[in-house]
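Both complexes below contain chain A, partnered by chain B and then by chain C.
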Partner chain A sequence: MSTAAASAAPAAFLSALSARLGAHRVLTEREDILPYGFDGTAALKQLPAAVAFPATTDDVAFCLRLAREHRRPVVTRGSGTGLSGGSLPLAGSLVLCLAKMDRILEVDAANLTLRAEAGAITQKIYEAADAAGLFYPPDPGSMKISTIGGNVAENSGGLRGLKYGVTRDYVMGLEVVLADGSVCWLGSKCVKDVAGYNLRDLFVGSEGTLGVVTQVLLKLLPKPAARQTLLATFTAMDAAAAAVSAIIAAKIIPCTLEFLDQKTLRCVEDFAKVGLPRDAAAILLIETDGHPAAVADEAEAIEKLCAAQGASSVKRAATPAEAVQLATARRSAFSALARLRPTTILEDVTVPRSELAGMIRAVEAIAQKHQLNIATFGHFGDGNLHPTILTDERDHAEMHRVEAAFADIVEETLKRGGTITGEHGVGLAKKPFLKRQLGDQSYELLRLVKRALDPEGLLNPGKIFD
Partner chain B sequence: MSTAAASAAPAAFLSALSARLGAHRVLTEREDILPYGFDGTAALKQLPAAVAFPATTDDVAFCLRLAREHRRPVVTRGSGTGLSGGSLPLAGSLVLCLAKMDRILEVDAANLTLRAEAGAITQKIYEAADAAGLFYPPDPGSMKISTIGGNVAENSGGLRGLKYGVTRDYVMGLEVVLADGSVCWLGSKCVKDVAGYNLRDLFVGSEGTLGVVTQVLLKLLPKPAARQTLLATFTAMDAAAAAVSAIIAAKIIPCTLEFLDQKTLRCVEDFAKVGLPRDAAAILLIETDGHPAAVADEAEAIEKLCAAQGASSVKRAATPAEAVQLATARRSAFSALARLRPTTILEDVTVPRSELAGMIRAVEAIAQKHQLNIATFGHFGDGNLHPTILTDERDHAEMHRVEAAFADIVEETLKRGGTITGEHGVGLAKKPFLKRQLGDQSYELLRLVKRALDPEGLLNPGKIFD
Partner chain C sequence: MHCGMCLPTCPTYDETKLERHSPRGRIALMRAIGDGELEVTKSFGEEMYYCLGCLACTTACPAGVDYPKLFETARAEVERQGVLDSPKRDFIRWFAVRFLFTRPRLLRLVGRALYLWQASGLQAMARRSGLTNLLPPDLRRLEPQAPVIQRRFSHQLIRPVERPADAPAVSTAPLRRVAVLTGCVQDLAFADVNRATVDVLLANGCEVHTPPVQPCCGSLHAHNGDLGSARELARRQLDLINPDDFDAIISNAGGCGSHLKTYGHLLHDDPVYAARAAAWDKKLKDIHEYLVSIHFRRPLGTPSPSSAPSTDLAPARTITYHESCHLCHGQKISAQPRAILRAIPGLELRECAESSWCCGSAGIYTITQPETAERLQHRKVGHVLATGAEIVATANPGCHLQLENGLRAACAPTVSEPASPASPPIVTHPVVLLARAYAAEAAASPRRSIHGT
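Right, the complex of A and B next:
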C-alpha cells in the first residue's frame, strides 16, 4: 500500500462518496467508525478512513471506481463475524459495509433456488427457504447475525457440513463487482453449466480480495422429513474419536457429528444449563435426518456403534425442542468459552477424519508443553477442530507461548495432511502459514490470479498473502 | 499460433521426446496418429505433429517444458470421447495422451476417498469404489471408456446429476502440471479446506487450457441401500414435462430423471430391444435410491404424480437386471441415433427446470422451420437436453440449415436463462456462442485468467475462446 493511501482520505474522495450515497450512508467520525475497526477475531483492531453503506450494485461499482481513482484500498464486510481477520480494515481504507443490501429477492420453488443481496442475514435465508418447505443447509455458528455475502467470502462451514457440505456447495450464481467497477454475473439457475471457466467458485472463499459479491443465487433442497438428535457421552476422548470412525465405517453419514471436550462442555453447561454431563471426558452431539425410516435405522445403529466404542451413555433427544436446545448449546461453545479469559483465540485446523484421534492427543500435548489453557470442540465428522486458546492479550509472555502453540498446532496439522483452516478463512490470522501448506508453486499460482484480477492491489490488500 | 508452431515438428523436438519417453511412446507416422486426429464430435478432424504417451507426472512436466522451449502447442486427451471438440489437435501440436497413466492409486475407506491417475477409466473407478462398498456417482454416458482426467477437464455430468451432481462435486484434489512444467497439488483429503483461493475448481472444466491434470483425488459416498427404476409412458410431450415439475414440486429428488422423445425411443428400441413403447410420444426413465423405505415411498409417489399428469402407464423394473437393461438402453441413445444418418450432431443446452416444456416445444418448432430431423433426449431432471440433429456433413445445403438451427436453439436457450452447454463443454463446438451467454465482462474475465496461467498460449489454444 502506498503512503498516500495509508493517509487520511482527502476531502474530494469523501465528498464524492457522500454526494452519491447520501451523507447518512458515509461514516467518517471516529466514534462512528469504531465498530467497523474489528471483526470476530481476537486482538486485531484498525480504523479505516471511512465506512460506506451502498444500497445497490451500482453504488458498489461507483465506490470501487472512485476508490481506484483515488488509489484507496477497499475492505468489504457484512456483519463482521469473521474469525480470521478477513474483514479487518487497513489504515486509510474505505470499508464497504453491505449490511443495507439485505433483501431476499426471490424464492423459486420450481427451480429450488433463492436469490438474495449479499447483506442478507443467513438465518433469514434459512427461514425464507423453510417457509417454502425448502432447506438451506449451511449453518455457520454465527448464522443468526452473519451475512450471506460474508459466508460466501469465507466459504463458511457449519454443523451440517458432514452430510450437506459448506456454503460453496449451495452457490449457483454470484453477481460480482470487479476491481475496475465492472459488474459480472457468474453462474446460472441451471443445475449443470459448463460454459467457460468456473469463476464463481474462485470468488467463493476469496475473502474480498478479487471482487465484491453483491448478489447470491443459492441452491435449496427439499426439507428432510425427519430428524433425530443423539447425545453420546464418553469417559475417554479416544473412544469418542473411535466412535466417529466406526460410524463412517458403517457407511452412515449423519447430518451433524459434533465434539466437545470436557473443558468446553463444562463451560457450555455453565452457560446454557441444558444438562450436559459435566464429568464426561468428551461428548458427541449427533444428528441424523432424512426419511423417518432411515433416521430410525441410523439412530439405532449410531447408538450401538457408540456403545461398542465405550460410550457411557447415548441419549436421544425426546422432543424437537430438546434437540434444538442441544444444538443451541453447542452453538454457544465459542461465546461460553469467551467468558473465561479476556482473550479467546479460536483455531480452525482440519485433518482427514482418520487423523482425528491423533490430532486431539497432539493438541493436548501442545497445551501442556506451552502451559496453556486449550479447550477443544468442533465438527468431528468433518475432521474440523476448533482448539480454543483461552488467554489474555495483555500478558505478553503468555501471548508468546500462544504464538508458539499456534505454530505447533499448524505443524502437527500439516504433518497429518490437514489444512490450516477448514472454515474460517486465511485472512490475517493464517497468512503466515499459507505458503507452508500450499507449497511454493500453488502459492505463486494464487498470487498470479490475484494480480490478474486486481492488478492495482486495492481489494482487501494484505489478506491471504502480502 | 505462430507459423513455426503450425509447421511439422523439428527433429530436435521429436528426438528429445523419444529420448525421454522411449520411442514406443512417441507416435509421428500418419497412420499411427490418425486415431488421435478426432474425438467424439462430428465433422472435426485435424492431425497433430506427434502423439506422446507420458507414464508419470514428471514425464508430463518434461513434455510441457520441452513444448514451451519449442513453442509448440500441447493438446491433452484421454480416450477422446468428448463431444465439443475439446481435445481436437491443432495442426503441428503435440498431443499428450494420458491413457497409460491409468492406475487407481488408493481407495481410502476411512476418509471416503479414491486417488487415481488421470488416465484411469471412469468405469474402473466406479468399480473400485463399489468393491469397497462405496459409490462414485458421476456416470457420463461414455463412462465405460472415458478417462477421469477427461471427465475433470470437461466437468462431465451423467444420468445421476439431479440428486448427486456432476464430476466437480466429487473432486477433492488435483495434481496439475502448469504451462511452465511446474507441478501443483490443489485441494486435500479434508472435507473442509478454505486455505487460499479455490483453484482446484478452476481447473475442473477448464478443458486442458490452464494446465494438465495428472492425478485426481475423488470423494466417495456410502452405497445406497436400495434402488428402484420406473418407466413412465406419455402420449404427449407436455405431460412428461409437467410430470417432472410435479415430482420436484413434491420435494422428491430422484437420482435419475431421463427423457426420450418418440424418435429417440423408437431408435433405441430398434437398437437395444428392451420393450420400450414405440407408440409413446415420450418416456421418462426414473430411478430413486437410498433407504429401502424412502425408495418405496418415493416410487409410489412418483407413480401417482406421473399418472395424475396423464401418463398412460408407469411400470416398475421387476428385477435389478431389468433396471440395468433400461439404463443401458438409455445410455445407448446417442449410438442408436448415430446409426440413422451419416452425421450426428448432439446439442447440450440446459435450461432452468421450469423452462423445460417450453424449450422442448421450441426445439420442435426449430426442426420444422429448418426442415431437419431432430431427436431429443436428455437429463430432464437437470433441465439438460440433447437435441440431436441427424444429418450428413457432405450435404452442404443441409449443413447450412443445421448451423442455422443450432444458432436458433442457442438463442432460445439463452432467452430462457439457460446455458449453451450443460455437460459437454465449450471446446470448439460452442466457442462462437460463449460471449453471447457470458456477456463481455465475464468473457474478458475468462481471458484474463487464461493469460495469467498460460501467458504463451500453448495449452490447448483456440479452445473455449480464441
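Right, the complex of A and C next:
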C-alpha cells in the first residue's frame, strides 16, 4: 500500500467506525493521534490514520471486520510501554487501543483464578488478587501502567521470573478476536485441559499479529507467608555474576535475583533515593519468599554465598516497606538511565545462566570497541540482560556505531546459545535478527501460522517478520 | 524517554484514558511543535490548560524530565500566539493576571469590599432573595466558592519585626533572622495562617520580619503563560527582601513556595537580578521544611479542651493530611508536615487514600475547567471523609478552599437526608495547629507549677 493512499483513511471507513463506537471513541485529529505515534521504544515514530477505543469484545470484532472490508491494517495497543516497537502504528493503520476495556471481571477464590478485560492494568490485577489474599506474580517493571493484554501479547517477564516464571505460566484462558472478526475462547479454569491443540499458548507472545486478546483468565497463587529482601554490594561485576551462579548451584531459587551495574544504580539512586551504594561496581537485589522458616534459612545461605564470592556487604531490608521501596527503585532502572543521555536503547538478550559472566565481559568489550556508553542491568537469575546504550538519536554518526554494537551483542548472544529477546518481543527492533536465531525452517513455520490466521496480513503487519 | 511511567499518576489521564491528556502525550505534542510537525493550534492551547499543572508526573518520572519548565514555556507560547484569545478570556486574564494580582494594595481593597459584602449580611440577603440568580451562569457557579475574607489582613495581625519575647528555653541560642511571605489569597482569606506562621517561628527562637505590603510572588502569572509579569513581580520581591539579610525566607503556601524557589531560573539571564535570584532560591524555605531543619521544639503536654483558645478545634482528636501538589510534587516536601502534625499532643494522624492526588483546585482550574475540578474535588472529599477524621490539614490556600467547599457540600442536608447532617471536618493549616499547641502550653503552665515541679 503506498503511504500517500494509505494515510488518508476513507471517510466511509471512519464514519462507520464512529457510527458504531460513538464519535468520542474515534480519534483522527492530529493533536489527538500524535501521542499514539510511538510506544516505549526509542527513536521510532509513525502516525496512524485513526485511533479507536472499543468498549466491548463485540466492538473489537466489528472493528476487525470493518478493517478487513476496507483493507486497513490494525495495530492493537495497550498502554504503549512496549520496548520493541510492537504497538508502533503503520502509516494509514487503525490503532485499536484497549485502554478503556479495563475491568476486572471476577476473582474466583475457589478456583484461584482472576478474569479481566485485556486493558486492565497489571498493578490493578496484582492488587485485586492481593485483596483476596492471593498472589499474581508476574511483575514487569512497567506494571503500574502496562496492560494485561500487552503482557500476554509480549509474554512479559518481571522481577519474580526466576522462581515464578513469566506471564505465560499464569494464562489459563484467553478470549481472542481473529482477523475475520470471529471470537474464540481458548483454555478454561481447569488445571488440566488437553482438548485440542494448545492454541492459547500460540497467542501468548504473538505481539498482536494473530488476533486481538479481549479477555484474560489468570491463575493465582496463595500469597507467600514471608518475604525477605537482601541487597548485596560488589566491587567487581564478575563477582556479582559469580554470586548468582553460586546461589543457583547451591539449589536455591530466590524469587528475585536482579543485577544493576554502577551506572544504572547511580541513576536509580538519583531518582529514588533509597540509599543504594553509589560506589559499588554492581549490586544484586535478591528476594526470597515462602514459608518463614525456609525464608530465614535461604536468606542466611544467600548471605554466606555472596560473602564467599567477595560481596563487600549484604544488607537485609528491615521492613516490608523498605523491601517494596527497593523493588520499586529497581523497576525504574530503564527510565532512570535517561538521566544520562537523551536516547536510551536497551537490549533484551538472554543467555543460559552459566554464560552470564562471559556475556557481561563481552558487552563491556563491545562498548569499548564502538566507543559507546553502555549501562547494564537485568534479571540475572533468568540470564536476561538489558545492556542499554546511552546515546542521542540526533547524532547520526553515533547511531551508526550503536547499530554495529547491537549486531555484535546479538552475535555474542547467539554464539553462547542465547536468544535475541527474553521478554520484550521481536516487534520491529529485533526483526532483522530473528531468522538467524530460528533458522530457515522454523522461521518459515512461523510465517505459515501467520498466513493461516491472518491471510490478508492486516494484523500488526511488518512486526516480527515481513 | 517516553516510557509512560507518568501515566498512572496523572489525574487527567486517569479521568479520560486518552494519551493527549497525559504528560507523555503533552510532551509529545510540545515536541511535535518543536520539530515543526504541528502548529500551535487552539486544540494544543486547550490541552495545555486542561493540564492541572499538579506536577505529579515529576514525582513519578525516573528520567527527571523537567515538566514544569516545558509546561510554563508551552503556556507562554500559547499566549504569545493568541490561539485561545476571545474578548471574555482576554478581559478576565487582563483583570486578574495583569491588573489585580500585580497590585497588592488594590487587591486588599477588593478584599476589604468583599469582606464587607460578606460580613454585613448583604451576601446572605442577596442569596436568600435570589438576587444572585441574576448573575451570569459562570459567576453564579463561582459565587459560593469565593473565599470568606477575614476581618483583618496580615499587616493588621503581624508587626513588621517581631522578636521572641519570653522564650527562655531558646534564649541561649543565637537568634535566627527570617522573613515571612504573606501571599495574596493567604493574606485575605487566611491571615490567621500567617499569624500562626510568625508565632511558631517566634516559639522556635526566630526574629521574624514581615514586610506589611508585599507583591504577589508571580506564580499565578508564570503558570498562566505570563512570564513577563512573573519576572517583574520576582524583581519587586527581590527589591523588598534581600536574601543576604536573612537566614531563611519563609513561605507557608505550597503553590507560592514551589514557584518562589525558581526565581533563579526565571531571572537567570537578568543582568541585574540573576545573582540575587540565585541566592534567594537557596534561602527560600517552606515553613514545614524549615521547622524540621531547625529541629523545631515539640510542644509539651496534652491540651485540655478548655485551654484551647478556640472551641472549634478543641475537642477534635483525629486528623488527616491532604498534600498540596506544589508542596509534595513541586517541592518534594511530604514527610515534614506529617512530622509536625505527629509532634502535636492529642492529635492522631490518619492517612488518607491518595493523599497526594490533586484536589482539583490547581490555581484557577476551578474557573477554567469546572467539571474536572469538581470531579477531583468529589474524589478527594470521599477519601477525606472515609478516614473519619475531624480535622483536615493542608498547606495551600487553594486546596484549603477547595476542601472546605467540597466538604461543606458533601455534609449539607439533602432531600433524602434532611435530618442530622454530619458536621464537616474542619480544614486548617498544620502551623495553625502547632501554634495552638504552643499557646495551650503557655496556658497550661501555671497549672503545671501548682502541681509542683
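Before moving on, here are some points about what is shown:
The criterion applied here is as follows: the second predicted complex is superposed on the first by the 460 of 466 C-alpha atoms of A that agree within 3 Å, B and C clash if a C-alpha of one lies under 4 Å from a C-alpha of the other, contacts with A are read in each partner's own complex, and residues count from 1 in each chain.
What we mean here is this: a contact is a pair of C-beta atoms (placed from the backbone, for glycine too) under 8 Å apart; a residue touches a chain by one contact, two chains touch by 3 or more.
Everything quoted here is computed from the prediction, not taken from an experiment.
Once chain A of one complex is fitted onto chain A of the other, the partner contacts of A:Lys223 are limited to chain B, with no touch recorded for chain C. When the two structures are aligned on the shared chain, A:Lys192 is found in touch with chain B, with no touch to chain C. Using the contact criterion defined above for the overlaid structures, shared-chain residue A:Glu29 touches chain C, although it does not reach chain B. Of the two partner chains placed by superposition, only chain B is touched by A:Asp201; chain C is not. Contacts of A:Ala327 after superposition on the shared chain: neither chain B nor chain C is touched. Shared-chain residue A:Asn111: touches chain B; no touch with chain C.
In the superposition on chain A, A:Ala375 makes contact with neither chain B nor chain C.
Contacts of A:Leu14 after superposition: neither chain B nor chain C is touched. Set against each other, chain B and chain C touch different numbers of residues in chain A, with B touching more.
Of the two partner chains placed by superposition, A:Leu94 touches none, neither chain B nor chain C. Within chain A, no residue touches chain B in one complex and chain C in the other. The touching residues of chain A, counted against chain C in their complex, run 27, 29-32, 34-40, 42, 53, 79-81, 99-100, 102, 121, 123, 142, 144-145, 267-268, 270-272, 332-339, 342, 344.
Of all residues in chain B, those touching chain A in their complex are 108-112, 133-134, 154-155, 157, 161-162, 166, 168-169, 178, 182-186, 188-199, 201-202, 204-206, 210, 221-223, 245, 248-249, 251-253, 290-294, 297, 350-354, 379, 382-384, 417-426, 430, 434, 437-439, 441-443, 445-446, 448-453, 464. In the complex of the two chains, the chain C residues touching chain A come out as 1-5, 7-8, 17-20, 22, 24-26, 28-29, 32, 37-38, 41, 43-44, 47, 61-65.
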